[in-house]
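Each of the next two complexes has chain A plus one other chain: chain B in the first, chain C in the second.
And now, the complex of A and B:
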């Protein structure tokens, strides 16, 4: 979800990251307070309009929520069964709209700008000896390593298949752990070389 | 040109001797380091910017000892690794280059200008907003290069930077390196890259076994390996 920034020059792209994060907070809070199918309908209109304002089609919006399709497929009938259709619409609707709105913030905001806001917001943690810059760097690295680990896992899966060990858990977990630790070591060296601790 | 001095440098990992009694004064603009796998050449290169400290002897870079003045040395000495994926920290190309400038407290416009000029230098103009993980291996290595060149170091240590590259990207990187004004210390298995270098050190079993002009050292190394 994070780190999918797409360059653009729309009003939303130009809006400061802090304002967008605040709007996201207000939007999701309102969804949680006014829990009704009508609110979900209004919320959907707001999100679709916001995507249009950023010059994105509803297809882009669907791409943002597509990864949670299994949650929706399982949760919606379950909620309907135990609490009725209205509750199902509210619970699933809140989730989907919150993710779609968060996705829009990610699409229109550089990761560094988002992290700068987070770093600013957690400045008071300095009083309890938490370094906000460190926390921001940690979040950045977390975002960065997702595609790297994903590639690594695919490589290991292919290697396992090439050796005819598709069902071996050991042939999967062991190289993933070893290569992940190796990557972490190399990344640590690179961070030192780039003067992170200086 | 900067001076990198190894004074009877040695390094041990536990009982294993990785480097032993290496002494050299490097003042040349292009210096190569070659040797077989596990010979200690990368360890020697890593000592230049304080990634590894000698367990005996000392390393001095322009009167500064990396083991004691790591931060100051790293402002002069940048390091290019063989795996660019481990060197790229930020999600997009421009953000990764800007990450190198974070300590300089520059205006956003100045950062953007320096990022774009670094991208032009390595042949990736217009890539600033491109996701870093979508680049090819060759482009990732060029990005890693841009991320270190943007800080304008005086010494560039490159540890097998062409290992993961195809022929075209190797040539591209070699051309880029040859056009730089910095002092370059290149650790490599690609002998074609360093055959014309002013000076090449040959490391074998942790010892400096040859030290001379590129062609001379490469010939010695070929003989050693045959």
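And now, the complex of A and C:
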């Protein structure tokens, strides 16, 4: 499965995932605390510099915020009209800058590295009897299962087409879910056989 | 160690009773997390600048709650969201990464977790009696009520206006009602096929 990550060798790519996540948290929190057009201006400079630091062109940054184009186009004039230009800049700016910054972290960090941070972060859950290794197994297992379920869905879709029931949603979802549960049972048996419960 | 009589039927461990997550629970949670991901792939329709897309993904959330129960159902949604956050483009429209959680629709994603839990709790509360009407009600309360209860205020906060948020909620409502109906009937079919799937809330052990 291809993630959002884009390979590279920039300073940002080499920074540890945990540090980038912490920086993202600080950045978005500051945006929420200091809600002024000045903050947005500084934030924009920071984000643009960060993208440059990752050796990305502004086009890459635009791609990250492109899915929000309609929100920006509709929301900005509306906010301006309701609450003035300062409020419009703050509301739209907070949203766009947070998405751009978060997108940059995902662009420069491998999925496996982010999962490793998550596994590290859930270590304290040991004390409430949650086994972090089991959670890690669950996450990697799911990544493997997604293509299996995808194939299964395609099988059901083909069967439905063969029977001329393309329009029936129930003829689609019911067999998909029954087969998913059946697959999970076999997978569970395989895990038990490999001693996961021992 | 007690020797087991060969005539005794093999012990079927009630789900989740032995430890936090048995191997079979693990497999079910992984399969349903994957199902939620795959349901986001076909026929995505966007509304409001793709900030909140209409997909079958919420159907997956409802199914996880009504079929797996509150604990495993909510966990399946959490696993799905963690993989999205880690950068896999599994959210409808091939979206993924941390940007999704910085966007305006993040409240709906958090609402999915609690929604699945509430659906599961309600369905399990009435077991071993299983009624299709009760499951439908559980899906309305958890799959629509709880999800909107968290999603809409967050959207209002992020967009700074209640109007757009209400408009988007109204836009999604018809689709969500249809999904409740589908989830309810499909869950009933699965419970008929696998009656052992769900344990009542209080584990009554002999």
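Observations, loosely collected:
Everything that follows uses one rule, which is that the second predicted complex is superposed on the first by the 122 of 198 C-alpha atoms of A that agree within 3 Å, B and C clash if a C-alpha of one lies under 4 Å from a C-alpha of the other, contacts with A are read in each partner's own complex, and residues count from 1 in each chain.
One rule holds in what follows: a residue touches a chain if its C-beta (ideal position, glycine included) is under 8 Å from a C-beta of that chain, and two chains touch if they have at least 3 such contacts.
Just so you know, these numbers come straight off a predicted model, no measurement behind them.
When both complexes are overlaid on chain A, the residue A:192 reaches chain B and chain C alike. Looking at the shared chain after the overlay, A:141 reaches both chain B and chain C.
Measured by the number of chain A residues touched, the leading partner among chain B and chain C is C. Of the two partner chains, chain C is the only one that A:79 touches; chain B does not reach it. Of the two partner chains, chain B and chain C are each touched by A:5.
Touched by chain B in one complex and by chain C in the other are residues 2-5, 110-111, 141, 143, 148, 183, 187, 189, 191-192 of chain A. Residue ranges on chain C touching chain A, taken from their complex, read 18-35, 37-38, 41-42, 48-51, 56, 59, 63, 67, 75, 79-80, 82-83, 85-90, 93, 95-104, 158-161, 163-164, 182, 185-186, 189-190, 193-194, 197. Residues 46, 49-51, 70-71, 74-75, 78-79, 81, 83, 85-92, 95, 98-100, 103, 129, 131-133, 147-148 of chain B are the ones touching chain A in the complex.
On the chain A side of its complex with chain C, the touching residues are 1-5, 24, 28, 64, 67-75, 78-79, 82-83, 87, 90-91, 94-95, 98-103, 105-107, 109-111, 114-115, 118, 129-131, 134, 137-139, 141-143, 145-146, 148-150, 153, 169-170, 173-174, 176-178, 180-181, 183-185, 187-189, 191-192, 196-197. Across the complex, chain A meets chain B through its residues 2-7, 110-112, 140-141, 143-144, 147-148, 151, 183, 186-187, 189-195, 198.
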